[in-house]
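These notes concern the structure reproduced below.
In order of appearance the chains are A, B and C, and numbering begins at 1 in each one.
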Amino acid sequence: MKAGLHTPRLHAPRLRTPLLFVGMAVLLIAVGVGQSWVVSLSILNLCLISAIMALGLNMQWGYAGLLNVGVMGFAALGGLAGVLISQSPVTEAWSAGGAGLGIALAVVVAAALLIVLLRRLVRRKALRTAGTAIIVVAGFFVARIFFDPAVDEIERIDSSTTGYLGGAGLPIILSWAVGGLLAAGAAWLIGKVALGLRSDYFAIATLGIAEIVITVIKNEDWLGRGVKNVTGLDRPVPYEIELQQSPWFLDLVHWLGADPITGSSIFVKLCYAVLFVLVLIAIVWLAERALNSPWGRMMRAIRDNEDAAAAMGKDVTRRHMQIFVLGAAVMGIAGAMLTTLDGQFTPGSYQPLRFTFLVWVMVIVGGSGNNWGAVFGGFLVWFVWVEAEPAGFWLMDAITAGLPEDNPLRAHLLDSAAYMRLIVMGLILLVVMRFSPRGIIPERRGR
Amino acid sequence: MSFLTGEGMTGGYGGADIIRDCTIEAEQGEVAVIVGPNGAGKSTAMKAVFGMIMLREGTVRLDGEDITRLSPQERVRKGMGFVPQERNVFTTMTVQENLEMGAYIRDVGVADTMARVFDLFPILKERRLQPAGELSGGQRQQVAIGRALMTEPRLLMLDEPTAGVSPVVMDDLFDRILEIRATGIAILMVEQNAAQALTIADRGYVLVTGQNRHTDTGEALLADPEVRRSFLGG
Amino acid sequence: MTDVANAIVLLLNFVIVPGVAYGSQLALGALGVTLIFGILRFANFAHGDVMAFGTMVVLLTTWWFQGMGVGIAPLPTALIALPFGIVGAAAFNLAADRVVFRFYRRRKSPPVILLIASVGVMFALQGIVRFIIGPDDRRLADGARFIIKASEFKAATGLKEGLAIKLSQGLTLGVAAIAVAALFWFLHRTRAGKAMRAYSDNEDLALLSGVSPDRVVFYAWLIAGTLAAVAGTMYGIDKSYKPFTYFQLLLPIFASAILGGIGHPIGAVAGGFIVALSETAVTYAYKKFLRYLVPESWEPSGLMQLLSTDYKLAISFVILVVVLLVRPTGIFRGRVLS
């Protein structure tokens, strides 16, 4: 019955998603053919990482309606895990300052326990607030007594190359899991404080907390060398230089008729791509299962009507905490993967625009509430973000082609072409919100 | 044809109709009161008169003019004043500012009207520089009524003006309403305190499930044994 | 006694004076955010960049004036360029409302949607500003540098510590005072201002009273743009102009607005000063200050600094989080304009 009417409606969305991904692949191939395969694969790898970050945010915003504007902080914590896992420990630093740091940590933990105890035992609100404040202040100063000299000692040790505690000396690929855990732990703490706030306050609070996370990572040199950066991180894949000297690789390149240097670069990027695709598939699979489970349905029910859900006896804050921690873990994994791909950890490079707001554009444009939408948004938006710069340059060059080379306007426009990407991003976000508010691959409703 | 005639009004909020074929009239210099059990559509009927819900059927006429399609704001300009049941004052603004906001659409004669409102509610004159949010419930209702009077309406509509105030304050408010009636304004009022409200009503409407059940003078309704039994608790 | 005087002067010079100047700038910014929140009920993430945009117009106009040799020395040329910046920022806000926000307003979209739309505006605006003037740090101040020089102060008082007040600091406070006074006069004494407060307080009742929402929203954007241009310009004169810094200012500005009670103008002003003074007070090294006050034997060995200056931004957020936990409505129970 009525098959004729129903068929196109059913088919359109089914075909649409694969077609969009095919289109994305065509774009990447076009870059490979037109620009270079190295560039194309670099974009692909970052597209994959972006897709994972977008998945994390999609869990929080798309499933549960949490306005997390602190993506950057979780990504940076994941990145920090790359350092903490893969670098070899600096033993002199540990022996010089380890004890002091340990005591400071113990003081902080003791203060935290005291606060918990106080809040359990004391009923009067004023007393509780005052007591908490006193313990926080006292704990801060006592911890500083041990913390400051220890940090000085640690940072003094060979500061041009280390000056920090180093890491665990384990394979960096482990940091992907640890980064997720680190971000999840932070999310739990943040959630304790901020969940339950009105959504705009929650947004501003997370924005600020992410900023604090970055400030701490930038300034606490003993932890991850701060803005002095950690470079030359361990790799989960072979080095180009090794490949160029391996007979099997040279044979392979020869057989393919390629150049060994470009070939090795492409090979390394392909290795990363394979690893990233595996992670992406695993996360999408889990996310899809979660979204379509009773748990996922309840999450969306809470999102669509928080009051009704609360009235039905659902513990809204608890559910929000679960999804907030899970989403943050996914962002942390993506952050660790990014540090791994970069081979370095540079706290100064964490900008909210790139690490928070761009991910937001990915989710909104791709389609919040739909995992495939988030993945597609990650791909498309990252692609545009990268390619807007050469495109802007080309556009400016074309517009000003009539002007002489040394014309100041021409020079200025060419110089500024890079900022086209910001304008393009804003416009994409606004246009999608206006004309396709549910995104390119919208949420499937009514299941 | 009365001054205000809402005739055969049928409508609600989107889905099901809350009032059906409901007729409400009010005359200048008279008080008309709508009473009825909870969920009878009393407030809805008044909102329909004021244009806050769209009617599927029926018409609303004011002074012979068909206003069925006008927005509430346009009806204010036609001479309707409305006092909502809740959130009916600007809590952070002073009493005087509340009254000024009432007269927002007027350019001349505002001072005279305000003087008359202050005559009607002397306590407001005393408190005119105090934020309305700091006043007692009864005084707030006076501010709310005063605000609506500032447009010099020909029809004043009050949605449960005595909700949540003490009996003494309620009597006082009813006295003021009679004073307002004496100035020749038509008054339409929805009331939960049916027995007391009907004592001042020139015209009473008993609504049940969105339909007119009894219509008569306040006095007659109070005397009607069936009305007494069903709606006035004996 | 002189030691106490020296200690006080030291604190004035390094904590109070810079804190008050910065506080005025934050207050102006927070007023704009709070005004938009009070009327349109959303947190405008583009506000910092509107400040950058307005200040950019001021900077371009200043260069133009300087090129023509027009100036008002000893006052900075930027002051006479300020009206152009105000027109620019207000025009941008109104255009953004027309192109972006009005659509969602008319559909009565939830505030969160407007917030996300403001992120889109923020992106585009950051691009526009950098496209026109670039990302570099630029000087906006010219003319005299000081009202009181440290050396003059020392000579006049005979104290060891000097007190310097920069012209830009005095100007900031003065301009902020005028702007705040004008805003309060507008909100409390004019018909349009009262209509705005009424709309913010009780939207439905304001509509019943015949207040035109489009008119109120128009004024809100206009004033927020004006305040943004003034705040941005004063910050630029006092420090320097760098577009990214203005985006970062968004954070302490939000903190100030929420601390004071969002939607509450007096709260925004108070919040601005509290955040700014906390920032300078917590990151100041009190070693020298204490040396004047305590016996020599007690002299502290460390810098006596609570937190390094790198944590400036973090402080406003610690304050913010504490406020959100202890008293989410802020000092002055916000949410409406009053």
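Note that in this section contacts are C-beta pairs under 8 Å (C-beta built on N, C-alpha and C of every residue); 3 or more make two chains touch, one makes a residue touch a chain.
Remember, it's a predicted structure, so these values are computed and weren't measured experimentally.
Among all chains, whose Cα centre is located farthest from the one for chain A?
Ranked by distance of C-alpha centres from chain A, the top chain is B.
What chain pair shows the greatest number of contacts?
Chains joined by the most C-beta contact pairs: A-C.
Need the CA-centroid distance for the pair chain B / chain C, whole Å please.
Their C-alpha centroids are separated by 46 Å.
What is the distance in Å between the mean C-alpha positions of chain A and chain B?
58
Using mean C-alpha positions as chain centres, tell me how far chain A is from chain C in Å, no decimals.
One centre to the other, that is 31 Å.
Where on chain C is chain A touching in the complex?
42-43, 100, 103, 111-113, 115-117, 119-128, 130-132, 134, 247, 251, 254-255, 258, 302, 308, 310-311, 313-314, 316-318, 320-321, 324-326, 328
Report the residues of chain C in contact with chain B in the complex, numbered from low to high.
Spelled out, the residues of chain C in touch with chain B are 191, 194-195, 197-198, 201-202, 204-211, 336-338.
So in the complex, which bits of chain A are touching chain C?
For chain A paired with chain C, touching residues are 65, 67, 129, 148, 193-194, 197-201, 203-205, 207-209, 211-212, 215-216, 218-219, 352-353, 357, 360-361, 364, 415-416, 419-427, 429-430, 433-434, 437.
Applying the document's contact rule, which stretches of chain B touch chain C when the two form their complex?
Going by the criterion above, the answer is residues 72-73, 76-77, 82, 84, 87-93, 97, 100-102, 104-105, 131, 147.
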